[in-house]
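Next up: some structures, all given as C-alpha cells.
First subunit A sits with subunit B, and in the next complex the same chain sits with subunit C.
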Partner chain A sequence: MPDPAVMTGCILAGVLYGLLGSFCMARNQALLGDVISHAAWPGLVLALGLTGSRHFGVLGVGAALVGFMALISLEYLGKGSTRIKPDTRLALVLSGFFAAGMLFTRQVQTSRPGSMGHLHSFLFGQTAALVWMDTAVMATVLIPTMILVWLRWRDLSALCFDPQWRQTTPHANGATPAILNGLLVIGIVAGLPVAGVVLVSALLVCLPVTARSLTNRFSSGILVAMGLGATLGALSPLVVMLTESIFRHWRGNDDARLPTGPVFVLLGVTCSGLSLGLKNMRQRKIQRMGRNHASC
Partner chain B sequence: MSQANQSSHAIEIEDLTVVLGERTVVCDLDLKVPVGKLCAVVGPNGAGKTTLIKAIVSLIKPVSGQVRILGRPFSVSCREVAYVPQRSGLDWDFPATVADVALMGTHHSLPWWKGLGRGERDRATAALAAVGLEELRDRPISNLSGGQQQRVLLARALAQQAEVFLLDEPFQGVDAASESAIMRTLTSMRDHGKTVMVVHHDLHAVAERFDHAVLMNVRKIADGAVSSVITPENLRRTFGTRVGFDDLGQREA
Partner chain C sequence: MLPVEWEVLLVACLTSLACGLTGSISILRRQALLGDALGHSLLAGIGIGFWVLGSSSSPWLFAFAVTSGMMAVGLSEWVSRAVGGNQSMALGLVFPAFFSIGVVLISLAPKSAHIDLDRVLTGNMDLAPLERLQWRDMDLGPLSAWTLSCSLVLMASFVWLFHRSLIWHLFDPQGAKAAGMVLWPLSLAWLLLSAVTISLAFETMGTVMVVSLLVAPGATAWMLTRSINSYLAVTCLAAIASGLTGRGITMFLDASTTATTAISSIIIFLLAYFLAPREGIFARWRDGVKARREIEMRMLLVHLWHHELLGDESTECSEATMAQHLGLATQKIRATLNSLESRKLVYPSDGIWKTTQQGKIKARDQMSGSEASR
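For the complex of A and B:
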C-alpha cells in the first residue's frame, strides 16, 4: 500500500484545488494560480536564506507573504489604466516575481550551500515525501474555504458571473473576494509540497475544466471538480505503486519510481482532454443529425 | 424614509464630473429625473452615457458632484435600484441556467444565513414570465441568443423589486422579437410607477415610446419631456458636425 500520509495529502490537494480552481476559472482567472505559485518561489528562497530553517512552517509563511504581495501588485497594476489587459498584468507579475526568485536563489546558493536540494523539492514537488504535517496544513486551508463557500455561496456566484452588478447590490462587500483570494494564496502555498511551484496551477485548471464540460451548473461543477480531485488524488499514488512493481518485474530495476505530483497532473490533464473530446464528439454528432434532418 | 418618499425625483445629479484615465468623460452634469418616467439617455458613442449610469450606481467614483436616488445617496438607497449592465461585458459561458440568473436578483433581499425560499422562487418565475422566458428557465445561459440574454438580465432586475431601474444599452444587438418584449416590459414597469432610465441609440424609438429624454455629449445638452428635447437644434448640438462641436467648445470657453 502507498504511504497513508501521501494518499491523504493527494486527496486533500485534489479537493482543495477542485474547489479553489472552480472559482478561478469562473472568474476568468485561470492563470492567477500560476502567478501566485511562481511568486511563492522568491518567498520560499528568502525565508530559507534569512532563517536557514528547512521547516515548511517557516518557508510557507515566507511564500504566503510574497504571494500576497503578488496579489496586491496585480490589484495595483489593474487600477491604473484599462489599456493593460488582465493577461498582460498576470504575465508581468509572474515573470517579475519569478525573476526576483532566481536572483535570490543564486545568493542563497552561495551563502547556504547544500540547501538547494531542499528548495528543489518545492520547485517540482516531492509528493512521496509528504508527512502528516503537510496534510494537516492542507486541511486547515480546506475547511475555512469550504465554510466560506457554504456561507457566502450566493454572493460568490454573483461575483463570478457579474462582479460589477454584484457591487451595486446591498449585501456586496469587498471582504468576500478578498478572503477568497487570501485562501487561494494560502491554499497554493499549502499545496507546494504536492505539486511544486511549476505544476500547482495545472491542478487548479484541469479539475474545473473537466467538471465544466460535464455539468451546466456552477454548484454541481464545483462538486464534480472536488470529487474528481479526490479520486485522482487517491489514484495517483496507486498508479505510482503499480508502475513501480511493473518496472521491477520487467527490468529488475528498484529505482524506477515515477514522481507522484506529475502523475497527478497528467491524470488531470488527460481527464480534461478526454472530457473536451467527448463534448466535441457529441456536438459533431448533433450537427450531423441536424444536417441529415435538413437533407430529408 | 418618509423624507425620501416626499422627494419627487427618482434621480438627482448635481455637478457630476467623471474623469477616466486622462479623459473627462462626463463634465459638470446636472440632471433630475422625476419618479415614474421612462427616460432615455441619448448621445453619440463616447458621450459618457455608460459612465453616467455607472457613476449613478457608484461603480465609478466621480471627481466631483453628487448623486441622489429617491432623495438619498446610493449607498443608502441601493435596495431600491436595479442596474442592468451591458450584455457584452459578461461571461455567458458561466455555468448557470436562466432561472439561476433570475434568482440572483432575489439574493440580496435575503440575509446571508437564510436559504432561498418559495417566495424567492416565485419572484424569479414571475420575472421570467414578464420577459417571456419562463419556458427557457432550465436552459444554460450559454445557449441563449443575444436578445434572450438581454431578457434574462432584465428578469434579474425585475426580481430585485426595485423602484429605479438603470439599463445600459438593452437594445444593442437584439432581434425584433426581444426588442418588443423588452420595450413592453419597460413600459409596463413605468405604468406601475417605476422609474426606468435607458441608454438608447434609436432616436425614432425614443421619440415614439419614451416620455423623458436626456441628450448628452460629455456635457448635458438638454433634458425634459421627449417632445421638447428631441428637436433638430438639440440633435445637431448633440451629434452635430465638427462645426457643432467647435461651437460647443467656444461656448464652454
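For the complex of A and C:
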C-alpha cells in the first residue's frame, strides 16, 4: 500500500480540481487553468531562489503570487486592446511566464546547488516526494474553498450561467468574480505536487466533463466531479505502484519511476471519453426512436 | 567554420523564423493555441517510437512524432464536433492525454534511453551545435540549422505558392467554399508543415516556450500592420529580431538561449503592444485625449458665438462665468481658449472673449453640420 500521506494528498487534489474545474468549465474558461499552472513555474523557481526553503507552504506562496500576476496581465491584455484575440492572449501569457521562470533557473541552480531537483517533481507530479506538509497545504486550501462555495452558492452559480442577470440583482457582490479567480489560482497551486505544472489543466477539464455528461444539474455535477476526483485520486497512486512493481519484475529495471500526474490524467480522460461516448450513443438512440415514431 | 556562439545564433534565428511564419498563419486561423497542443502531443509519438524502435536517436522517431501530432489534431477536431463545437474543451482533453501517454512511456523506459523529460519541456538551444551534419567526413554545421532551414523553405514556398487561396481560405472560408474551392488539402498541408516545424523546433525550444516563438512575432505584426503582405514581412522581421536579441541577452545574463529567445519575442510584442503608431495602447490614449480636446474647443467656440448672437456676451463670456456655467475648471477653460486663440478663432477684449470672423464661420458650420446630421 502507498503511504497514507500520499493517498490523502491525491484524494484531496482530486476533490479540489473537481470543484474548481466545474466552475471553470461552466464559465467556458477551460484553458485558464493551463495558463495559471504554467505561470506558477516562475513563482516556484523564484521562491526557491529567494528563500532556499523546500517547504511547499513557502514555495506555494510564490507560485500563487505569480499566478495572480498572470491572471491580471491576461485581463489587462484583453482590456487594453481589442486587436489581440483571446486565444493569442492565452498563448502569450502562458509561454511568456514560463519563459520568465526559465530565465532564472540557471542562477538558482548555481546559487543553490542541488535544490532544483526538488522542483522537478512539480513538473509532472511525483508521489514519492509527497509529504504530510503538502497534504496539509491542500486541506487548508480545500476546506475554506468549500465553505466559501457553500456560502456564496447562488451568487457563484449566477456568475457562471447568467452574469448579465446577476448584475441586475440587488445581492450581486462585485467581489465574487475576484474571489472565484483567487480560489482558482490558490487551488491550482495547492494541487501542484500531485498533478504537476503541465497536466493540471487536463484534470480541470476531464473531471467536470465526465460529471456533466452524467448529470443534469450543476450542483449534483459538482458533487459527482468531486467524488470522481477523489476516486481517481485514490486509484492513481495504486496504479503507479502496481506499474512500477510490474516493471521491476518484468524488465528488471529498478529505476522505472512513474509520475502521478500523467496517470491521473489518463484515468480521467478515459472516464470522460467513456461518458461522452455513452451520452452520444444515448442521444443517437433517442433520435432513432424519434424517427421511427414519426414514420409510423 | 563558424564559432559555436555564432552557430547558436544561427539556430536561434532559424528557429524563430520558422516558428514565427508557422504561427502567423495559426493566429489568422484563430488557433493560436494549436502550437501548444501540437507540441505536447508529439511526446506520445516519441514514447511509442522509442518502444517500437528501441532507440532514442533514430530519425524515424521524428516521423512518429509528426504522426502523433497530426492524429491528436484530427482526434480533437472529431471530439469538438461530437460535443457540439466546444474547441477549447476538446483541446484540453485530447492533448494532455497524448502528452501523458508520452510521459508514462518515457518514464518506464530504462535509464539508458536518454530521453530527458525536463529537456522535452524546456529545450536546450545551447546544445544544438553538438549534433552535426556530416557528409563524407566533412563537417557541414549543426544538424538542427539544416533541418530548420529545410522546414523554413518548405513553409515559405507553401505560403508563396498558395498565397491567393490561402488568403481566401483564411479571411473568407464561407466564400471560398461557395466558390467551389476544396479546402481540406490546404488545411492538411498546413497542419503537416506546422507539425514538422514544431517537432523540429521542439528539441531546441521545448514544448512550452516554442509557443511564444509561434505566437509573439505574429501578434507583434498584428499590432503594427493592416495588410497581409506587410503582416507576413513584419512577422519575419520580429522573429529574426527576437533570435538576435535572445542571443544578445545571454551575453549579459547567465541563462539558456531558449529562455532568452522566448522572452525577447515576448518583449518585442509588448513594445509593439504599447508603442504601435496606430493601434498601440499609447497611441489610442493619445488619440482619446486629442479627440476630447477638440470637442472642448468646439463646444467653447459655439458657446461664445451663441452669446454674441444673443447679445449677452459681456456677462456670459468671461472666463469665470464660463467655468461656472459649463462646469469646467478655470485652467481648463483658459487652456482651451488659448489653443482657440492660436488658431485665430477667438480673441480677448476687456475681460471677455470674442469670436473672430473665422471663428464665427467655424461655429456656424459646426451648428449647421450638427443640425443637418440630426
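Details
Everything that follows uses one rule, which is that the second predicted complex is superposed on the first by the 266 of 296 C-alpha atoms of A that agree within 3 Å, B and C clash if a C-alpha of one lies under 4 Å from a C-alpha of the other, contacts with A are read in each partner's own complex, and residues count from 1 in each chain.
Just so we're on the same page, contacts are C-beta pairs under 8 Å (C-beta built on N, C-alpha and C of every residue); 3 or more make two chains touch, one makes a residue touch a chain.
Predicted model only: the values in this text are computed from it and were never measured.
Once the two complexes are overlaid on the shared chain, A:38 sits against subunit C while remaining clear of subunit B. Of the two partner chains placed by superposition, A:9 touches none, neither subunit B nor subunit C. Ranking subunit B and subunit C by residues of subunit A touched puts C first. By the document's definition of touching, of the two partners only subunit C reaches A:269; subunit B does not. In the superposed pair of complexes, A:60 makes contact with neither subunit B nor subunit C. Once the two complexes are overlaid on the shared chain, A:18 sits clear of subunit B and of subunit C alike. By the touch criterion stated above, A:167 is placed in contact with subunit B alone, subunit C being left untouched. In the superposition on chain A, A:155 makes contact with subunit B only, not with subunit C.
The intersection of subunit A residues touching subunit B with those touching subunit C, taken from the two complexes, comprises 28, 81, 83. Listing the residues of subunit A that touch subunit B in their complex gives 26, 28, 81-83, 151-152, 154-155, 157-158, 160-162, 164-165, 167-172, 212, 215-218, 221.
For subunit B in complex with subunit A, the residues that touch the partner chain are 20-21, 54, 57-59, 78-79, 81, 83-85, 89-91, 94-97, 100-101, 104, 107-108, 110, 112-113, 116, 140, 142, 156, 160.
Against subunit C, in their complex, subunit A makes its touches with residues 25, 28, 30-31, 34, 38, 77, 80-81, 83-85, 87-88, 90-92, 94-96, 98-100, 102-107, 110, 120, 123-124, 198-199, 201-202, 204-206, 209, 243, 247, 251, 253, 255-259, 261-263, 265-266, 269, 272-273, 276, 280.
Only residues 27, 30-33, 35-36, 40, 79, 82-83, 86, 88-89, 91-93, 96-97, 99-101, 103-104, 107-108, 110-111, 117-118, 121-122, 208-212, 214-216, 218-219, 222-223, 253-256, 258-260, 262-263, 266, 269, 273, 279-281, 284 of subunit C touch subunit A when the two sit together in their complex.
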